[in-house]
Each structure stands twice: as C-alpha cells, then as structure tokens.
Amino acid sequence: MDTSEEEELSSKMAFLEKFMDMDRRWVYLLSWIFVLAPLLYPLGLPIPINQEAIKWYDTIDKIPNGSVVIFAPMYGTSGMPELFPMTVATMRHLWSKDIKVIVVTFWTEGPLVFRTLLTQVDPTSYGKVYGKDWINLGYVPGSETAMSSFGRDIPGTVSSDFIEGKPTTSFPIMANIKTATDIDLIISIETGTPGATEWLRQWQAPFGVPMIVGCIGVSVPGMAPFLQSGQISALLPGLTSSAEYELLLKKPGLAVAGVDAVSMSHLMVVALVILGNIAYFATRGSKGGKK
Amino acid sequence: MSNLLRRIEIPIILTIVFTLVQVIPYYVYIQPLDDAASYIQRWILILVSLSTFVGVISILQVHGKNVSKRSKGWYFSVIVLVFTVVMALVGLPLAEVGLGDKNLVYLFLFNYMLQPLSGTMYAIIAFFIASAAFRAFRARNIEASIVLVAGLLMVMSNAPLFTVFWPPFKTIGTWIFAVPNMATNRAITIGAALGLIALAVRTLMGIERGYLRGGGAEQ
Amino acid sequence: MVDLLAVWTAVFFTLALYSILYKDTAWYRIAESVYLGVAVGYGVSLDLLYVRNQWATGGWATPGVMLGGFIIALVLGVLWYFRFVKQYFYLYRWPLSIIVGTGIGLALRAVIFVQFTDMIKAQAKLNLWIANDMMTTFNNILIFIMVPCVLLYFWFTGAKIRETAPMKVVDKIARYTMMAGFGSAFGYTILTRFSMFIGRAQFLLGITPNPPENMTAFIVLGLLILASMVGYDLFYKKKS
C-alpha cells in the first residue's frame, strides 16, 4: 500500500472511530427527530393486523351475554403511554356488549388512571348505567393478599365503591357476586407486580377463572410460557398490537396515531446498531491488519 | 420484660404461624382454619394500609436533615418536603372538609405533576437504550451475535414499517417469541418457583431472617 | 386560567425532566424533587380511604371478633412507626413478620401448581409428531430439548458431571437458547421504551385527546429551557 492510500485508509478509520465515539447527545437528538417527525407529518403506513390482536378481539367479542367480567387496570401513570390506548379500546369494546363489568385495581394509581379514561369515554353513550351494568370498586391495598381476599369475599374486601362511596352490596350489579366463582373472565392490563402471576396463583389455581392479559413490551417475554400452556387465553403485547385492536374496533385512537413513530424509532435503532457494528468490524480489521 | 419482647424468636414465630394459617387450609379443609385464613386476609389489608405514613416520615427525616444541616442541594430538599406534606395533607380522606381524592389541589398535583413526571421518568430510558445499543451492542462472539440478530429481528417484527414490506419479519419474530424465548422463560419460571419454595421452607425453619434486619443488635 | 396553568405546568415538568438529556441541570433537579414529594404523598389518600370505608361499611364496627380485630390492627398499625425509634425498633418487626408470613403462605400454596406442575404438564403435552404440520413438530421438538437444557445449565451440583462431553453440549444449547431469548427481550424493551416516549411526545405536540395548547407551551418552554442551559454553559466557558 503506498503512502496516499495509507493516509486515506487512516483518515477513514479515524472517521469511523470518531463515529463510534460520538457524543451520545447526537443519538438523543436523532431519537427526538425520528419520533416527532412522523407524529407531525404522519407517513400513513399500513398497519397489518396480526394474530395477537385478532385473538384478543375474538376473545372479548365471544363473551356470552350476561357474563360478569373483572377489568383490572393494574398500572400507574408510568405505564399510561403504552397501556392507556389498549385500556380505552378494551373498555369501549366491553361497554358495547351486554356484559357486566367490575373495575378493580391493586395498584395505587389505578383508580385515577381509570378516572382519566372516564373523561374520554362516556359509558352512558353505550347505554350503560353505573351500578347496574358496571361498577368501579377502586383500589385495594395489599397486593397479592388483597387479590386472594378479593377472590374469597368480593363485597367484604371492597365494602364501598369508588365513585359514589356507597356500600357495594347496594348496587344491583353486585346482587349475585360473592366470590371469584361468580366471575367469568379477568382482563388484566398490567406493567408488573402484582399482575398476571398473582392472578394465576390467587384466582385461576383455586377458582379456575380464565384470564387475558394486556401488558407492556418488557413484560411480554415472561408471559410466553403461560400463553403456551393455556393459563392465559390471549395476550395483547404493547402499543403496536393496541393499534391493530383499535383498527379491528374501527375506532382509531392514540395507538394508531403513534404507530408511524414506532416504525421510525425502530428503524433508527436498527440503523444505529448495524452502523455501529460495521464501524466496529472495519476498525477492528484495520487494527488487526496493522499488527 | 423489655428483653423478652426484644427476642428475635417472636417475629420468627409470627411469620411461621401466619404462613401456616394460609398454607394448611388450602390442602386440608378444616372449616375453622379456613375461616380464620379468610378473616386474616381481610384483616391484613387494614394493617398494610396503616403503614402508609412510613414512606412520608422517611422522606421527612432524610430531607429534613439535609435542610437543617444546609447540606449540598438543601434547597431541593425543601421542594421535596413541601410537596410531600401538601400531597399527603390534601389527600387525607376527609370529604367533609373538602379533602381527599376529589380535592382540586390533589387532582391538580396528580394530573398535571405526578402523571407527566411519572410518564416522562420511564420514557427517558428510551434514549439511554438507543445510545447503549449503538455504543455497546456488538457481535464480538457467537453468543453476542445470536443476541444481536435475535434482537434486531424482534425490533423489526414489532415495527409495521418492516412487516409491511417483508411479512416474514413478523413470522420470524413470532417464532423467536414462541420457541427460544418461551423455552428460556419456562425454565426461568420453573427455577423461580423452586427458589420461592426453598425461600419459604427456609423462612418456616427460621433460617431466612433478611426481612428482620436493621435497627441494631438482635437478641 | 386554571386550564392554562395546568397545561403549562404539565409541559414544564415534562421538559424539565428531559433536560437531563443535555446535562444534569437545576431544571432536572427541581422536577425530580417535585416527583419524589408528590409520589410519596400520593398513596396516603387511597390507603386511608380504604380503612375508613372498611370501618364504615365493611362490618368491622360490629362488636365481637370484628371490632376486636380492628382494634388489634390499629395497635399493630402503630407499631410500624417504631421503625424510627432506635430504642423500640424491635416492635416494627412484629407487623412486618405478619405481613411477610401471610404473603409467603399465599404465594407458596399456589406456586407449586401455577409455576411448576402446570409448566411441566405443558412441556409433557408437547406433540412431537404432527403429520401434516412439520413446522409445529419442529418447534415442539426444539422446545422439548431447550427447556431441560436451560434448567440443567443452572444446576450447580456435581462439578465432575458438568465437565463431561454431554453436559458441554447441554451448556451450549442452553446458552444459545438464552441468548436468543434475551434478544427477544431486547426487542420488546425497545418497543416499550419508545412507546412511552411516543406517548409523551403526543402529549407535547397536543395530539388528540391531549389539549392542542400543549404545542405552544412545548415550543416556548422548550426554547427557554434549552436557551438557559446553553447560555449557562457558554457563560461558564467564557468565564473559565
């Protein structure tokens, strides 16, 4: 190799090393651009509907009329960006059917998250009457102990409802609801503990109540064994699946609005990792050659 | 008398008794024991709720000390103290005097401070992960290459941009989730279950005392 | 007026936390301090509301076992706070050991089924030959091999056996399986974290159902905070 070629190679290597060591704030800036741009100027990419969303939709759609469902928003404000769209979509779906919904949560911020939902979705627009078609039992402290106690004695564990503060047994919906055996399905939207494992231990193992779970992406890998064994009947994993579910319901919302940004941010991550590895191997090769 | 009450055996015996009260009626139906287990579960919820001020007092202790000693950044501790006290006070369930979860100040603090702060705190991690993936995610050996390839394929399968242009990305992502990921997590779940059983047996034997640490010498 | 204040407060705290991406600034420390204070004080309301409701409508006021139990709970509830009194710290351990014992008992009784025997059953039920579905057959065979390998990888008893050739094969299969599993976890972590950021970005841009006024606040406050941080850096650079 002559001197000019060596110099050119040397400058390319220097550039690649500088690229690998660039200030991380440039990566942060790229992240802002790749997320804000598609939100401001939607790309309108098609959203393929996958099996997870179809299974979730079908499971809820096939709930027989007159069934009693526990809807548990088991997350706080930290999980809202990813889970709130699926919470809203699921409640719309439940309220559009002739089933009774009992809302309860074992996370401290759960009731106020649901209160935020009520500012966006009006159950009376579905003809649903509070206390007759649905009820909000609020937060029960105690984590897994609370879930176990709730399964054994529902009106005893939660003696007052969250919205009106009246005795739980005074509402028509709770007339024949005493224990977990009176519940037909659990729908748990969650970010961690307490969550699916606790529901399985305290409700499914002793009482055989089926359940479906919507969760953040980080929790999804851990749900795989329960999904495969049939302990969880359906799983809605993260924002992209929430968008597919919104499309199946024909009510696009925040999830659909955010999918283009999901695509672009993921493209950015893939590109950065691939470029980082190309630079790594190129500089490693040149260092090896110089030896 | 005080020396007797200090003995570590008292909390250990309490732990063992309350564990057995929950476990035995699950396997052997004895009506009074089953009723006792049910009653205790409801009773525990009240006990747990009454511990609500422990966190508040801890914060007041730590940050109060910072303020009184004028330590570095003590003015931030003043902010912590003010907001802790205000939130705890306006949230007290005294609807008769206008306090509680429907109080306007409480709702303002929850909706326009806690909600954005909490959501943002977890959302910041996205930047750190992107930066870490760029700087450290390298195919240095076979194992790292497997993580890299599986990770990238999973990222692509979660983004409609990729799955629309080449649908097999979704199929590959589903396979990774349903086979190697499922196998790994099944083994981890079984291992965790065995670990929990071992921990419970150790606790029942009084060997496991980690939760009792703190506060000075044990008797 | 309150709505305007609410919007600008929420946007300010969001951007103040994001200022950490530039560097650790006073804006970030303020937001962090407010978050800590509000988060700790928040739970008080709902916990005490539960106790109040249980007293009012939960039957605990009934004389006898219920009232006696409630009084005992109140007394034990006071013991929590001896955590802060060095001389009587040992009293704090009593309610703690009751909670821990009950929690362990509740978890222990069902974990054997949910996380052990049901997993073993699902593994045993794997169909290793489905005539007209080779892909599922192949997947089931892989799972059938992978799960025991990963379990054995964490079996540390018998150092001599672990050095044998068959165990080395088991270790290799286990490591490759786990690496693929961790790759999957990475992929989903990216989805979660960016979804959360996207949610906040939708809030800042005022995308429905967020108030459209958010965008104005975002631009104004964003520029002010950025200018203050960059200005501060330039000022100190000039000074030094």
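Read from first to last, the chains carry the letters A, B and C; within each, the first residue is number 1.
The criterion applied here is as follows: contacts are C-beta pairs under 8 Å (C-beta built on N, C-alpha and C of every residue); 3 or more make two chains touch, one makes a residue touch a chain.
If you're wondering where the values come from, they're calculated on a predicted model, not measured in any experiment.
Engineer: Mapping chain-to-chain touches, which pattern fits: line, ring, star, complete or other?
Structural biologist: Contact pattern: complete, every chain touching every other.
Engineer: From the Cα centroids, identify the chain that ends up most central relative to all protein Cα atoms.
Structural biologist: Checking distances from each chain centre to the full centroid gives C.
Engineer: Centre to centre, by mean C-alpha position, how many angstrom separate subunit A and subunit B?
Structural biologist: One centre to the other, that is 18 Å.
Engineer: Where the centres are mean C-alpha positions, what is the separation of subunit B from subunit C, in Å?
Structural biologist: 6
Engineer: Quick one: subunit A and subunit C, Cα centre-to-centre, how many Å?
Structural biologist: Each chain's C-alpha centroid was found; their separation is 13 Å.
Engineer: At least two partner chains per residue is the criterion; list those residues in subunit B.
Structural biologist: Each of 26, 41-42, 44-45, 48-49, 101, 110-111, 114-115, 118-119, 121-123, 126-127, 130, 133, 148, 151-152, 155, 158, 177-178, 181-182, 184-186, 188-189 in subunit B touches at least two other chains.
Engineer: Residues of subunit C that contact two or more other chains, please.
Structural biologist: Counting only residues that touch two or more other chains, subunit C contributes 21, 42-43, 46-47, 50, 54, 58, 99, 102, 106-107, 110-111, 114-115, 119, 122, 181, 184-185, 188-191, 194, 196-197, 199-200.
Engineer: So which bits of subunit A are touching at least two other chains?
Structural biologist: 28, 31, 78-81, 109, 111, 140-141, 145, 148, 156, 165, 206, 217, 220-221, 225, 228, 238, 240, 262, 265-266, 269
Engineer: So in the complex, which bits of subunit A are touching subunit C?
Structural biologist: Subunit A reaches subunit C through residues 25, 28, 31, 35-36, 39-40, 78-82, 84, 108-109, 111, 120, 138-141, 143-145, 148, 156, 159-160, 165, 167-168, 197, 200-202, 204-206, 216-218, 220-221, 225, 228-231, 237-240, 254, 257-258, 261-262, 265-266, 269.
Engineer: Looking at the complex, which residues from subunit C come into contact with subunit B?
Structural biologist: 2, 6-7, 9-11, 13-14, 17-18, 20-21, 29-52, 54, 58, 60, 65, 69-70, 73-74, 76-78, 80-81, 83-84, 86, 89-102, 104-112, 114-116, 119-120, 122-123, 139, 142-143, 146-147, 150-151, 154, 175-191, 193-194, 196-197, 199-200, 203
Engineer: Under the definition above, what is the set of subunit A residues touching subunit B in their complex?
Structural biologist: Subunit A residues touching subunit B: 20, 24, 27-28, 30-31, 45-48, 50-51, 76-81, 109, 111-112, 116, 140-142, 145-146, 148-149, 152-153, 156-157, 165, 206, 217, 220-222, 224-225, 228, 238, 240, 259, 262-270, 272-277, 280-281.
Engineer: Can you tell me which positions in subunit C touch subunit A when the two form their complex?
Structural biologist: Interface residues on subunit C, with respect to subunit A: 21-22, 42-43, 46-47, 50, 53-54, 56-59, 99, 102-103, 106-107, 110-111, 113-115, 118-119, 121-122, 181, 184-185, 188-192, 194-202, 205, 207-209.
Engineer: Once bound in the complex, which stretches of subunit B touch subunit A?
Structural biologist: Result: residues 26, 38, 41-42, 44-45, 48-49, 95, 101, 110-111, 114-115, 118-119, 121-123, 126-127, 130-131, 133-135, 137-139, 148, 151-152, 155-156, 158-164, 167, 170, 174, 177-178, 181-182, 184-186, 188-189 of subunit B touch subunit A.
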